[in-house]
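In what follows, chain A forms one complex with chain B and a second complex with chain C.
Let's turn to the complex of A and B:
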């Protein structure tokens, strides 16, 4: 009762003006860079050379996008790869992580402390980039394989412990009751634990999907084939060399000034095409993101 | 007796089922985490692809010698430690300040709107951030130089001037992470007992005094834990930041090259497997030591927050 009165009181207080101004300014700092790259993608290369990057384009121009949509093969390939690894990585990642987390949360599990240490130790010590690279390329033949983009980071240890902590907080009697009724551990996991853990699984699924959508590191290490690179990796290569995209573009769109060969604007258009959908989509899942920051006590 | 046996058998079967549930994760970690741990012998080998890791001849400490004798060691160690320490300190201070200001926003819908905008940059990959920084810093078209030139001064060739980059990297890393980083402190502030602030207010404390004497002391434990844990990982850098935002430009290595980028280049550009694995191992070992030490400190200070 007392608590609710207090929260009400807190609600009635007004936010002071300087606080609003602070956040409006900060909001601008966050948004202006976005608006700048959007406007650069809608400018002609000549305008960019003359006036530089601007918050609003001098004149709206669609040349860069015309080039992109006339030659969609590379972009579509990268989209396909990215969507594929996001879906596969999220589905299997969440399933495997939930499975091992359930195992760690069950009190009847015999080897629990050994398993906990086994799962946790890789956060303390790693073989490093070179050893992983040699093993993945020489022994596992992951070069140019999409498995290289999904499998190595599939088990995120932080997420495993987040799910385990959540499951541990649930009343153990739920599991025990099913046990007495003769349910197998599989049944308990799929029928009771998974539905129970929905909130934390949503958070983990979101974090995993974001991670896979932004995947470029393994792509950069293991993928040589242009048809199999992820969106972010393609962006990275374009930053170093704009020709990566241009040399794959045979179709010059109609009604385009041939002197106006796209450069920076094409780069920025490519950036918008690859991050745009995500930027519209992910903010709706913000609460899972913030939840992930505040949960997640890892303790053995 | 029979009953007992049956129960024990059931318990054994349950454990088999549980272990089979853990199996995919166990196997994946075995392949991608534990196997490479044994791969650290590479650092002591003269690696030949045709002979494999174990078959290659031993090189004793030759790989380490080369690295420890070169001038690169001091450079990448200095950059790694100084930059990461800077990121940790300034990052925590800014995130706490941000959370404190956020705490002053009273309406829940406003909090949500501001948070959404503030964490937008953390959805981006470092590649996309690299593009945005490029739009600001590109020497002839970049917004920053256009502004400088509008004031009549001469533009700066940002991508060749190494001396500016510690600050640039700091700002970029703050921009990307401060909104998200503040959430943990904001949650801690929400947990602070309201009565204390009320009492302070009645005693005539102004807003700043309330913050300094009531709010901040309450969240000090969270701040300390974050600080110590971050310091534990100080030898590992965010590769994406140092590689993509600097566009891997050689002129900037003197202030931006860290252990992780150095290892990457030694491996992928120079193909020097011996040296890159030596540096990798060096990093893994110091990392393990700092983590154990910092965790030991946390366990002393507040046992509930230690990792193990």
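Let's turn to the complex of A and C:
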């Protein structure tokens, strides 16, 4: 018995060698393009044009970063906005989503199925862009306000259902016991349900934060002030402007001033600057991430 | 359960209709309120243009508005929207009924046709007669025609270069080194001598940038579907077969085989870095007077221009940049007054372009200005987008007399027999989208295809499947109708 288990173990180790190699290669395939981007951001524009992208820069050159931080106001402002909407959007988003989910998870809630249908039904189709644009600009007056980046999409129905499924696994007797001890519904929610739901909350928080960090579309639609645009929007605008100019070179009557188009190295540097922080946070969330996803999915 | 669902749906529907109801009520009330206001206070005209907002925008606008109130008692609220976002934003503003007055339209971005089809533009005939005399005097009728559909003027073309002529820019030091012949040529093929010399003697430089479009020197296109009309054909009959693209493909292939074109042309997407680095000996550009100085400014490379073929005013030339008015504008008179002023008043126009004297620029001659170092306002490269470019002061890199020369070139060009004709693409949108996808797919493929003839046939077959014939029939029909109505 013992022996056979050992041989089995050895077998496992043996078969895992090709697996290791596969994942090493796979990791490299993912890593090399990223290193190339980093290296490109540290190269000079002329070197990039002459020698193309390389894993190590031909010559170290900090022009791109110097240019970026020479006028740091733009980058810092955009960072400020993105961090603000990420923090505010995540805190309120998770809180509200948990509240909705808590109601839907309680078996004692009378209108549960009606409410579930009410929030689920609109996810099947969309009212279109114009409708939400009119609501947001003309009725809610969100134009040029940071609220336009936080409020629409604060509650994600998919996430609500994920939290609900998780909360449903908490025994109803636990809440009854709390009630007998004199706890109000709020106390049950904040002091019992939420602390027990940490894994799924972390998952949702991470998804929301990622979503808000990548926010650019609402920023494009509703923000008029260049000081209030998000980091991703700034990047997106820079890249897309280049594309529009390149595509229409023949049409634009005065031709395009090439000197105005940022070089490849600058674009890569912007990329690094914008994804940097997210990359630092990701590993800390990751353990919750996998746990929350699987735990929430057990009972579908 | 079923009953409950029905009940909920009813409730939702009722809620929606209730909201819709109060929405309408509100907006019409607002409209009434603003219309009843008196005209003593200067009205503010909102104008949407594309570009990057300069740092000192607010400061210049304040000064400009003082000037505008003094002259015509109107204020300007100018919004610069990023190039990539302009179309989305303006379309939303139009469809949601946002309050703004002037917008920029063209035939290549923020399509003029589409707005006309949606009846989103204000007819301008009466407004021009009453408040836009300056525009009327500046623009000859054939230019104004570019923004006219039927008898109605929907947009005013900005005055700039209208004639279209290709040219190639050859690096000046190469011209001197090899004593190259830079006299004007008739066809792309006449450039082969120059390219061969460079190929033989300069191994580090790519002889030709890949943006060659040999067909556009002899044919004009009314719709982006590889349908061409010969410039010398006065009956303006669209060419049905694939002869035009085949000739172009052959030339491209030949040049690639001879090593005039870079080897990785099929995969490269953005080669502006190479252009700036001076890796191309010869680059194709649209010719215009003063281009050599302008290019030296843009690329930092001294070049000599070789014009190809003859200047030609295509059927849609003036549509490249036009200003139109929102049909929902609440102050059309003020908007027309303002645009008329920008279009004809040198002081106002140049303030928009250059900012404030001695803060953003220095005047060096009557018609010439230089920006101060690190200026926080410089929109002079936007003259063609805002109004009459011929009123703009020259900047370093532009020779005196460039505008007069351009004006002459406009007037002396061969004019398309279809001048003023606009293809209405609303019926063939789906076909055009598919055709565009096919064109992009094959764009640079002709250089490297293994069997050129087969690939080209395949390309044309795909165009046909995508609906080229439908577009062709539609185009022919519209041209006939247009000719009959003339």
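Simple rule for what comes next: the second predicted complex is superposed on the first by the 250 of 300 C-alpha atoms of A that agree within 3 Å, B and C clash if a C-alpha of one lies under 4 Å from a C-alpha of the other, contacts with A are read in each partner's own complex, and residues count from 1 in each chain.
One rule holds for everything that comes next: a contact is a pair of C-beta atoms (placed from the backbone, for glycine too) under 8 Å apart; a residue touches a chain by one contact, two chains touch by 3 or more.
Keep in mind it's a predicted model, so treat the numbers as computed, not measured.
Student: Regarding the shared-chain residue A:129, is it in contact with chain B (first), chain C (second), both, or neither?
Tutor: both
Student: In the overlaid three-chain picture, which partner chain does A:264 touch, first (chain B) or second (chain C), both, or neither?
Tutor: both
Student: Tell me which partner A:235 touches in the superposition: chain B (first), chain C (second), both or neither.
Tutor: A:235 contacts chain B only, not chain C.
Student: In the overlay, work out which of chain B or chain C sits against more residues of chain A.
Tutor: Looking at chain A, the partner in contact with more of its residues is B.
Student: With both complexes overlaid on chain A, does A:114 touch chain B (first), chain C (second), both or neither?
Tutor: In the superposition, A:114 touches chain C alone.
Student: Figure out whether A:49 sits in contact with chain B (first) or chain C (second), or with both, or with neither.
Tutor: The answer is both, since A:49 touches chain B and chain C.
Student: Can A:100 be said to touch chain B (first), chain C (second), both, or neither?
Tutor: In the superposition, A:100 touches chain B alone.
Student: Would you check which partner chain A:78 touches, where first means chain B only, second means chain C only, and both and neither mean what they say?
Tutor: Touch status of A:78: no partner.
Student: Which of the two partners, first being chain B and second being chain C, lies in contact with A:221: first, second, both, or neither?
Tutor: Both: A:221 reaches chain B and chain C.
Student: Is A:278 touching the first partner chain B, the second partner chain C, both, or neither of them?
Tutor: In the superposition, A:278 contacts chain B only.
Student: Shared contact residues on chain A, chain B side and chain C side combined as an intersection?
Tutor: In the superposed arrangement, which is not itself an observed complex, chain A uses residues 48-49, 118, 129-130, 133-134, 138-139, 221, 236, 240, 264 for both chain B and chain C.
Student: Could you list, by residue number, the parts of chain A that touch chain B in their complex?
Tutor: So the residues of chain A touching chain B come out as 6, 10-11, 13-16, 19-20, 22-23, 26-27, 29-31, 33-34, 36-37, 40, 48-49, 52-55, 96-97, 99-100, 102-104, 106, 108-111, 115, 118-120, 122, 124-136, 138-140, 151-155, 160, 184-186, 189, 210, 214, 216-217, 221, 232-233, 235-236, 239-240, 264, 267-268, 271, 274-275, 278-279, 282-283, 286, 289-290, 293-294, 298-300.
Student: Would you mind writing out the residues of chain C in touch with chain A in their complex?
Tutor: 1, 4-5, 8, 12, 23, 27, 52-53, 79, 82-85, 88-89, 92, 95-98, 106, 108-109, 160-161, 211, 213, 270, 272-277, 279, 285-286, 291, 294-295, 297-300, 320-321, 381, 383-384
Student: Which residues, counting only chain A, touch chain C once they are in their complex?
Tutor: 45-46, 48-50, 113-114, 117-118, 121, 129-130, 133-134, 137-139, 220-221, 224, 226, 236-237, 240-246, 248-251, 253-259, 261, 263-264
Student: What does chain B use to touch chain A in their complex?
Tutor: Those in contact with chain A are residues 11, 14-15, 17-19, 21-22, 24-26, 28-29, 31-40, 42, 47, 49, 52-53, 101-102, 104-108, 110, 112, 114-125, 127-128, 130-132, 134-136, 138, 140-143, 145-146, 175, 179-180, 183-184, 187, 194, 239-240, 244, 247-248, 260, 263-264, 267-268, 273, 276-277, 280-281, 283-284, 287-288, 291-292, 306-308.
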